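There's a structure below that I have some questions on.
Naming follows writing order (A, B, C and D), and every chain is counted from residue 1.
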Amino acid sequence: MTTGSLLLFFVLAVAAGMAVGPRMPRLWLALTLAGAAAAVGAAALVLVGGQGWELRSAVRVGGEAVHLRLDAISAMFLALLGVIGGAGAVYGRGYWSDADHPDSAPGGRLWWDSMMLAMGLVLLSSNGLHFLIAWELFAVSAYFLITIDRAKKETRAAGWLFFAASHAGTLCLFAFFAVLASHTGSWELGPVLGHAELAPLFWLALLGFGVKAGMFPLHVWLPSAHANAPSHVSALMSGMAINLGVYGIVRFSGWLPIPEAAGWVVMGAGAAGALLGIAFALAQNDIKRLLAYCSVENIGIIFIGVGGAILGASHGNAPWGRLLLAGALLHVWNHGLYKALLFLCAGSVLHATGTRDMSRLGGLWRSMPWTAGLFAFGAVAIAGLPPLNGLVSEWLIYSGLFGAAMDRGASGWAAMPAAVALAGAGALALASFVKAGSVIFLGAERTGAAAGAHEAGRLMLGPMLALAGACALVGLAPFAFWSAAARAADQWHPLWAAPVAATPVHVLGLANLTLALLFAAAGSLLWRKASANGLRRSPTWDCGYAAPTARMQYTGGSLGRTAAGWFSWILRPQRSFRRPHGPFPPSSTLVERVPDTVLESVIEPVAGAAMRFALGARRLQHGRLQFYILYLLGGLAVLAVLALFG
Amino acid sequence: MSGTVNLLIGIAMGLNLMALGSSRLPSVIRAVAVQGVVLGLIPLLLNQGFEWMVILMAVGTVFLKGFVIPHLLRRAMRAANIDREIDPIVGYVPSLLLGAAGAIVAVAVTYRLPLLPEHSHTLLVPGSLATIFTGFILLICRVKAISQVCGYLILENGIYLFGLLLIHATPLLVESGILLDLAVGVFVIGIIADRIQRAFDSLDTRKLTVLRE
Amino acid sequence: MRDLLLILIPFAGAAAALAWQGERSRPYLLPATSLLHTALALWLLFDPPVVGPGAWFGFDPLARAMLPAVSILFLVCSFYCVPYLRTCISRPNRIFVALLLAMLGLMSAAHEARHLGLLWIATEALTFAAVPIVHFAGTPRAFEATWKYLLIGGTGIALSLLGSFCLGYASLSGGGTGDLTFTALVAQGGSLSGPWVVIAWVFLLAGYGTKMGLAPMHTWKPDVYGEAPGVMGAILAGGVTTVAFTALLRVRAVVDAAGESAMASRTLMAIGLFSMLVAALFLLGTRDFKRMLAYSSVEHMGILVIATALGKVGVWAALFHVWNNSFTKGTLFMSAGNIRRAAGAHTVDEVSGMSAITPRSAAIFVTAMLAVTACPPFGPFFSELLIVRTAFATNHLAGAAIFLGCLLFAFFGMTRLVFAVVDGKPRPAAVQGRKRFAETAGVVLPPLVLLVLSLWLGLATPQVLRDSWTAAAEQIFPGP
Amino acid sequence: MNTLLTFLEVLLRLASWMLVAPLLPGIINKAKAWVAGRRGPPVLQLYYDLARLWNKSVVMSTLASPGFIMGPAVAWVALAGAALLMPLGAVGGALSFRGDVLLLVYLLALARFCTAWAALETGSAFEGMGAAREVSYGVLAEAALIAAVLSLSVQSGTLTLDAMLAPSAGPGAVLLAAGLFAVLLAENCRVPFDDPNTHLELTMIHEAMALDHSGPPFAVILHGASMKLLLFAVLLCEAALPIGRLAPAAGAALLAGSVLAVTVGIGLVESFMARFAFRRVPLLLTAAFLLCLFSLVLAWKGGVQ
């Protein structure tokens, strides 16, 4: 099996899946899984074998000869696409079954495969025109996938917001590729470090890809889209789709000359995104919005790494730059894996209880133990705690940043704040997921919705277990994955020939493995000891309070209050609080909502002003013929002036 | 020769002012009709020698512009039983002044234009410009459909006048086609005005502002 | 001779339609005639005739690059007309059919006209031939639209006549014979009198710009497109506008020959960008999905004009875009017509949830909307991207930026409106519409065919078309 | 053979950490009692408590999941692992590798995660409060810790603990020591952040989280806490003093002495200071963070290249 044939199989299988999807779910699932497996296989061949794959065909699409390429960088992303695409497809069969959604499930299958196909083509195509085509197809299918449940108004609104933002980004890419092509004289993509005048183009790329990546502050579309999409779609969006933005920036920052400030800006945006993204996450009460903001954080972490790589490249290809890039690429994987896992868990909760509002849940571990365990697992992973995969990439990024600091070069001034921001983000992530996990799964059921929950079905648990297994694999045996990431990092920049500086990743893996074993051992030991000593069950001791109720538990809002309070200057939480007062107080309420500040305080006012202007301009079309003829005359006059004296 | 031509053009320019100044629709229509006749005659004077084609054309123009279309307009007017323009967007005196100013500007502009010697001493160019301008004023400043049709007629008269500069250059076939087209255009407009009168049972274009934005 | 047949066949068809008695069978004359026409046009496309330099009519490269698009669009529309006319059998369709065919003939004549005067005659005749079809509905709204169409269009046409005279006079006072054939004018070239050329260009641009619907002369467009039958809108937006565009291209060739190229580009760029801005502004808040199409058409006319300002490659892209625009606009108008007839209204305040009532038309409508907003892999994406690239290559940075900005705002406006119309809960009025209007193959296939054509045009542009556009661009901008 | 030796060494270190750790709370209490002029509980009190708890039966909330018991176990292992990463004076670390310091930080974080999770198992509002405070103050503490570690590694130009802890922290040593001491107090819930022997649940952090624990799990929590205290004390001393540069014996003596000093210092602080109001806690932690940051700047400016 060669890479080429595997890729061909991937494309054919997924395309066939599109064709048969609406009618034949089983065949669709088989084809999708086969395609996903083929994608993973092809990527693995490139990542292990090392030499990339390239195809220059005489076939012309849109007047341009087809030129495909799969190098280590795109292979990293392709592998992730395969894993998440396959897992999500299986999960979707259970989660969005034809029984529950007879009119939207078939379309969902079609768009799922078209999105996988489009993303694969984005990663493969090495021609600007085809890249744009695939890119826009990907955006369109993402839109229709987010809004397969078109009956809901807020879903449509969220989808449209995504579509609009993504189109704005796409037009930046129009400009980007158009300028590139007009300078190089062809749509072919490849290293053009010779054209120093192209450096400013990087900003266009940063805008265009940053929107898709959800880079702070371009993330405005992300929370609502991820929250309102069906959960397996959220998993694909958050685990894979936004990574394509990262791919674009990594790809073109390696191929194009880069302005001086680029590294600083990217790293700064990354640090800000990491810290503020997770701050927003901590303040959310909607589990899926929380996860979405957490994606903003992780993208921020990735951009810290990418920015560091750019800095390293401009500071004599410092070894820490490689380390940061490899770490970032590995974090792309890790984030994809555990974020998909967590979204699937959230989906199971939503499926079981019908609500995303954490303050209505609680105590679900009794009704859905597997989901609870997997969520805890994912929480440990996403908080970057040993022994799971989050630790590995964050550890690499930290050591890269420390390396930059130890150089005492100018870039240290970027690295040190980034490191501190990363620390804060890590601790906040821990807080957010302690909050999410405990409020959803621990304690007592807060409402009937939670009480009536049921464990997810086999089709849903299977993919979750698989993803968890992948997380564990990266965490316990990081070396294989590290070498792949390192190879990708070598191919980033044409001038980067030497391999990444060796790091004791294997030792870390060993430590993780030992720790994992010890955790298990100690846990079971303590459990044995406790039950040997005699284990009684009794109600929670509430310091002598006679009649504790479920509503007396600590809520998510209060769990996050302290830390979120430190960020209230940007979070701008909206509270409506009716205090109880008087000897016999009537019912009192506290409603808290944390809107997206960038969206509601920046974008919406601007959009509103533009809209008002447009509506004002419409009055010029007032239906009075005489004035229309006057317009005509005016246009004539202006043209004359322009022609004679312009 | 050109003296007579200039005389006729002068008359036409006078008729412009008359059309601008009068509030009574019949007199506007009459002005337009007379202008049509006057201008229709000019080709006969312009071309040396006897070309039956030109005569045919002139006769056709005179007949159409002088009689058929005015008759059509009068009918529409009577049907809508209105005979005067009520509160125009720009009053009659201001329109008159505008028209006069337009005429002066037209003459002034003409001296700046690189004209051929044989045309530099005729009123063809200034006359046509002034007439076109008059047409625009009527189109823009009047609210009754009929006055606007008249404005359009005057506009076309002006262009027709300008076209006479090329009477020797352009093949008659083309010219006659152009004339025919203009005539048809005006004819269609007249018909539609008539239809509108039936549909809205008025010729007040202020009623025609349903379609907006 | 074949190229003259292209003009004569439709007129023969029109005559036949006038003579024909059967109300029900008469509409079939439309597809019959336009089949002949398209076949001939394609034959000419693949095997272009030699056109004599002095010929008044001729299938020269420019005509070859555009006329087939119009012919194909008309063919598809004529197939759509048959079921359309059957639904409104109450109104006699003799005039409708005859004039529609006459319009085809006139469009062919205008595209093939190589004489400024004849070009003008054809365009003017086209304008007036459209009138009865525009108020085919016979409602007061239709009359109002017709009235505005007539007066604004008439004024514009008059201006273009003035411009033509000025051009002729430029030749006279430049020592020429005042011969108005384009070949002669181009041949006279530099000796044309400069000032008169500039004046002529201004009048012609304003005049034919009115016909194209460039802002601020576009004001008639929303009214007419909103009130005329959908198929008429398709032909106006995809056919008649291209006639005016051809005229501008031919005149531009003369102006360049006279050495006023910079002036022409300047004015074209300005009016094009202004049109796009106006269109984008109006699209942002539009609530009527038929008037939306009008503004979208204004936007695309602006795109064409901007491309024309960018030189040879730009003209090539513009010709490409003419084809894409014709096909996508045709799809949009026909599917929108279906939705309008099913819903019985055309503002988003009265229409929603049409994907439940007319699923096929709604799907086509959405797809065509995406296509027309430059979503790949449909044709417009390729032509517009090429235009952007050319703009950057010719250092029109600000122009390109405004261009892209307008595309974005147009996208916002159109997506919002179209999704609002398609999604949501169907209105009761539309639910009754189920009985009033059935989505038969006759009304769904034509727009679908055009959509597929535009897809095919984008993904695999036939070589013969590329060649024809190259030849046409060569005709407009001779030399390198 | 070699691996066997390493294994034995690790076991030895683990044993000594386990044995020494419970001493510290005893010393602190003794010091407080001495200041207050009481006799106070015996120094070995915690050992007795642990022994007693280890054999007691367990009462577990009806709401709690097995995580209620898993949590303390995992937290204890994490802390023990962190302790093993610490170098002990000139002896150095048992298993040290480039970047082990980051693993240490993350192990502490894991311990925090598990304790908070186990606390929230019961669904009691008081445990909720404790956990909320723990994770919130953890944010500032972790930032301060990273800043401190960063300054150490910039100072010494290395990423391995025993290399970066061997020399003193150079010019910023005093600032760093002050900052780390504050972090120590916060992380181990001592006055002024928390009062370990208060009995008003509303005001507690660490104790509140352990309210519902009993028997062996509670013993594990307490022992883990003492190990954490020892760990921070050792970190503080080795960061401030050039212990690693001395001869083994002298180094060991100095280490023991300084740790003792730190412990007594904690005791003194507890006897002379009152607990802060909770809203002032972040200020103090921010101050600690800033101290570490200044020491980082100093390390950046001067220090070995």
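Note that in this section a residue touches a chain if its C-beta (ideal position, glycine included) is under 8 Å from a C-beta of that chain, and two chains touch if they have at least 3 such contacts.
What you are looking at is a predicted structure, and each value in this text was computed from that prediction instead of being measured.
Student: Does A-B or B-C have more contacting C-beta pairs?
Tutor: Of the two interfaces, A-B and B-C, more C-beta pairs touch across B-C.
Student: How far is the middle of chain A from the middle of chain B, if each middle is the mean of its Cα atoms, in Å?
Tutor: Taking the average C-alpha coordinate of chain A and of chain B, the gap between them is 69 Å.
Student: In whole angstrom, what separates the CA-based centres of chain C and chain D?
Tutor: 78
Student: Per the centroid of Cα atoms for each chain, what is the distance between chain B and chain D, given in Å?
Tutor: So the centre of chain B lies 100 Å away from the centre of chain D.
Student: Could you put a whole-Å number on the gap between the CA centroids of chain B and chain C?
Tutor: Comparing mean C-alpha positions, chain C is 31 Å from chain B.
Student: Among the residues of chain C, pick out those that touch two or more other chains and give their numbers.
Tutor: In chain C, the residues touching two or more other chains are 147-148, 151, 155, 222-223, 282.
Student: Do you know which chain A residues sit against two or more other chains?
Tutor: In chain A, residues 618, 621, 623, 625, 629 touch at least two other chains, as defined above.
Student: Quick check: what residues of chain B touch more than one other chain, meaning two or more?
Tutor: 139, 148, 205, 208, 210-211, 213
Student: Please give all chain pairs that are in touch with each other.
Tutor: Between chains, contact exists in these pairs: A-B, A-C, A-D, B-C.
Student: Touching residues of chain A toward chain B in the complex: what are they?
Tutor: 618-619, 621-627, 629-630, 633
Student: Touching chain A in the complex: which residues of chain B?
Tutor: 89, 136, 139-143, 148, 205-206, 208-213
Student: What does chain A use to touch chain C in their complex?
Tutor: 60-63, 129, 132-133, 136-137, 140, 150, 153, 156, 160, 163-164, 167-168, 171, 174-175, 177-179, 181-182, 610-611, 613-615, 617-618, 621, 623, 625, 628-629, 631-632, 634-636, 638-640, 642-644, 646
Student: Flag every residue of chain D that touches chain A in the complex, lowest number first.
Tutor: So the residues of chain D touching chain A come out as 54-67, 69-70, 72-74, 76-78, 81, 95, 97-99, 102-103, 105-107, 109-110, 112-113, 116-117, 120-129, 131-133, 135-136, 138-139, 141-143, 145-147, 150, 153-154, 157-159, 201, 211-212, 215-217, 220, 282, 293, 296, 300, 305.
Student: Quick check: in the complex, which residue numbers of chain C touch chain B?
Tutor: 115, 117-118, 120-121, 124-125, 127-128, 131, 135, 140-141, 143-148, 150-151, 154-155, 157-158, 161-162, 165, 168-169, 171-173, 177-180, 193, 195-196, 222-223, 226-227, 282, 286, 291
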